[in-house]
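I'd like to ask you about the structure that follows.
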Amino acid sequence: MLDRRRVWEIVEVARVGDVWSRVFDSFILGLIVLNVAAVIVETVETFCARFGGVLRGLEVFSVAVFTVEYVLRAWSCVEDERYRGPVRGRIRFLLRPMALVDLLAVLPFYLPFWRMDLRSIRVLRMMRIVRVAKVARYYTALRVIRNVFVTQKEELVLTSTVMVMLLVVASSLMYVCENAAQPEVFSSIPATMWWSVATLTTVGYGDLYPVTVTGKMLGSVIAVLGIMMFALPAGILGAGFMEEIQKAKKKRACPHCGETLD
Amino acid sequence: MLDRRRVWEIVEVARVGDVWSRVFDSFILGLIVLNVAAVIVETVETFCARFGGVLRGLEVFSVAVFTVEYVLRAWSCVEDERYRGPVRGRIRFLLRPMALVDLLAVLPFYLPFWRMDLRSIRVLRMMRIVRVAKVARYYTALRVIRNVFVTQKEELVLTSTVMVMLLVVASSLMYVCENAAQPEVFSSIPATMWWSVATLTTVGYGDLYPVTVTGKMLGSVIAVLGIMMFALPAGILGAGFMEEIQKAKKKRACPHCGETLD
Amino acid sequence: MLDRRRVWEIVEVARVGDVWSRVFDSFILGLIVLNVAAVIVETVETFCARFGGVLRGLEVFSVAVFTVEYVLRAWSCVEDERYRGPVRGRIRFLLRPMALVDLLAVLPFYLPFWRMDLRSIRVLRMMRIVRVAKVARYYTALRVIRNVFVTQKEELVLTSTVMVMLLVVASSLMYVCENAAQPEVFSSIPATMWWSVATLTTVGYGDLYPVTVTGKMLGSVIAVLGIMMFALPAGILGAGFMEEIQKAKKKRACPHCGETLD
Amino acid sequence: MLDRRRVWEIVEVARVGDVWSRVFDSFILGLIVLNVAAVIVETVETFCARFGGVLRGLEVFSVAVFTVEYVLRAWSCVEDERYRGPVRGRIRFLLRPMALVDLLAVLPFYLPFWRMDLRSIRVLRMMRIVRVAKVARYYTALRVIRNVFVTQKEELVLTSTVMVMLLVVASSLMYVCENAAQPEVFSSIPATMWWSVATLTTVGYGDLYPVTVTGKMLGSVIAVLGIMMFALPAGILGAGFMEEIQKAKKKRACPHCGETLD
């Protein structure tokens, strides 16, 4: 019989010194990376034509592994004191974001594809890219990024609001300036917004740009404002990131049990 | 009869605990967002053709509400000790930037459109986008941005001057380099300025670019200088923004009256 | 007769309280701005055709004023103790960068244009843009920028060297990757350098870009490196600028004589 | 006879006061710069046709000098206590990165070109650009950059991972959005990645861009995220660079022997 406590230890992120758990983690991690790579190269026609069989095999194997992993997690989670109780504990566990990601990573495979049109199947197959999110479980450093967003939430909301207002005003003004001269390019404010985003972020594809003198003058002012306003969230994230890293560096993990020491 | 004191309390930004005033604020705020959205989607022809009636109805309703709001404010403002005096106080109130924005937000609707040509009507109708500025009353956090600009005014003026001088010199030099090779594209210094802005801000639309060897060498130097000089105001704003946020975080509002405590 | 001491006081940057000197400064400053504007708009053909006479008049008037200003400076400079001595002192004064700028600002006007071809005349006429540098005398805040470059010289030289090496290596590698596929666009390493600059500075005109798979992979790496390395000088300048501004804010000018107090 | 100790002193980076060693360093440094310049201009056909002989002469001369330099280094390195021992010491010395660079800088010249096809020869000849790395020996300030990368390794790995994940997800989503509308441009996820890199780095060549409404909305979000995430490594490097520079400024070199004092 399977030892439920041991299964839980293995499927969870490995503690320091637990070799089998670590092997399991590395195996799943490797499989995730392989799956993401497969989703990417599958879209290359020449590659798909030659290695279609291999990709299909990998898919079936991966779904099998991920399904078993999902079932084992759901079965053994009650060993964790946070999810005690065979029904309520399990439901609490299965509704966690990471458990939902695990479910979404295998679900599309079991859907009845024969009833769908080709386009939907394609989009559903692409949903396998969600497997990349499974990495988050093993890569604890990603929490740093999440923490930065949480800590700087207020500042990010403020700058985002200003950015949206700037976007609306810039697009409206540019629409008035350019619509008469290029009615097909700057055809509406939403269409002009695409230009505004490309300019404010300084991407500047060059698929649309002002041609009138007033439009160019306005565009210049918008580009300069874009540099100034759109650099703010980058600066805020940067400052928060540095702080978070410094905090993380001060924390130490106990060499015996792997738990974080405060 | 209407209680003037109560009307003033309701039309002003709500204090903590004043439910009706808060409801009124939310209603006006929602109407502003709806109006801005309407201005944007109205320019999409297919949308306008189908929902033109709804948009027209929203416009009439909004102008009615905003007009009543404006009149109520003008009538009740004398309750505030800053605007005492039925004539002088009211004039003082109506000349405040926010009151002017409120006026501009409804004025175009009452203008005699039948005497104007189509183009002017269009521009005037677009002026409704000014309603976005009404948001500023409810979104006090926007003061942070304004404060940053005020505090860093000196630095921004200095860097702006350098940026303008760089723009003038870059455009003049590039004009000398490229005018002979591309007389129609780099036709004059003002035309070349459009290239300079696109390069100095690193937007780079690609609608015009140097083709001669000297032009490309000059363009390279200008692009590098652009990164260095045009990043300065962004850095200044960023630093000022962080400071302002820290200051704002230290301030607390009284839980009883909603006033800021120093 | 002219009072040499008074002339010197007037032509030099005004001290606090000296009204006539201040009027003179404002007049010259206004004339400089007008001249720079004239150089810019003169290149617009339609404008030049209509207002050619006005521009010519402004030019003659400006050269007259700037010549008189130059002569007065050269004549009265011996009043300053740094330039004592009618010959050696004057030579020392006339070799200062600002005095050379003053000379260059009027010299082209006196050159024998009739012996030159049209192209040279054009370039020489454009040299009038050097007048923009005369602004530096009145705008002392520009010293801040110069000081930043001097203080951070070491860091800027270091990052510049790395940038040049990155440019050379990136261009060479990209040339090897793309030359076979696009022999006319990536025709040589210097031609590829134009692409490298546009990519490393993230301007990205789109006039040339890699099309091969290896070229695109290399281009991606170069673009990311570009962001990282080319942001360094901007950061260095920004940090130096903030420091310099803080220093400048601590300095005070005496309200009586206008001299800086340490 | 050659004095091995003196040879070692000369071929190594000069200590303060050693004139001959300094002359040798300057000579090699000049030759490197000349060689890199030669590699660059050689690819310009018109230049190559006219000065091909000079370039060939420079190449033979340089290889001769660099070969002699390499042999002298290998012969005299045993004078250094780190490389004592005629065989093991020399092998240890010759396997150092800088010694390998020296070897790679001359090796292609001695390869049997007559057996190769033209394309390989070209690539091999381009390998001479590796000579630019020889500069690193003389330009100790480059260590600052290397130190920054080493110190900030952890942060750079973290942000790089996030950047790669962002790239994968952005490309997959954009592929789903745009593939139907532009099957030839957004033909596969790897092809879409080229667009993602150009957008996330804000280079924006404009060779491919979304045309559908969902694609443009997604592209806008990706561009904004790009600014925020891709500015992180730049900020990290910048902060590390400033720190490293401050450390370097505190260190002093002994005026007698040229060694760094702690």
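Chains: A, B, C and D, in written order; residue numbering restarts at 1 for each.
In this section, contacts are C-beta pairs under 8 Å (C-beta built on N, C-alpha and C of every residue); 3 or more make two chains touch, one makes a residue touch a chain.
Please read these numbers as outputs of a predicted model, since none were measured by experiment.
The interface in B-D, A-C or A-D that matches A-B, meaning over half of the contact pairs are the same by residue number, belongs to A-D. Simply put, chain A must spin 90° to overlay its Cα atoms on chain D, rounded in steps of 5.
Interface note: chain C and chain D, two copies of one sequence, contact each other through mostly non-matching residue numbers (shared numbers fall below half of all numbers used).
Chain centres here are Cα means. That of chain B falls 33 Å from that of chain C. A straight line joining the Cα centres of chain A and chain C is 46 Å long. Counting only residues that touch two or more partner chains, chain B has 190, 193, 198, 202-206, 231, 235. Shown here, the protein chains touch in all possible pairs. Listed in rising order, the residues of chain D touching chain A in the complex are 154-155, 158-159, 161-162, 165, 168-169, 171-173, 175-176, 179-180, 187-190, 198-199, 202-206, 209, 213, 216, 219-220, 223-224, 226-229, 231-232, 235-236, 239. Those residues of chain B lying in contact with chain A across their complex are 36, 39-41, 43-45, 119, 122-123, 126, 129, 132, 135, 139, 141-142, 144-145, 163, 190, 193-194, 197-198, 201-207, 230-231, 233-235, 237-238, 241-242, 245. Chain contact summary for the complex, chain D toward chain B: residues 202-206.
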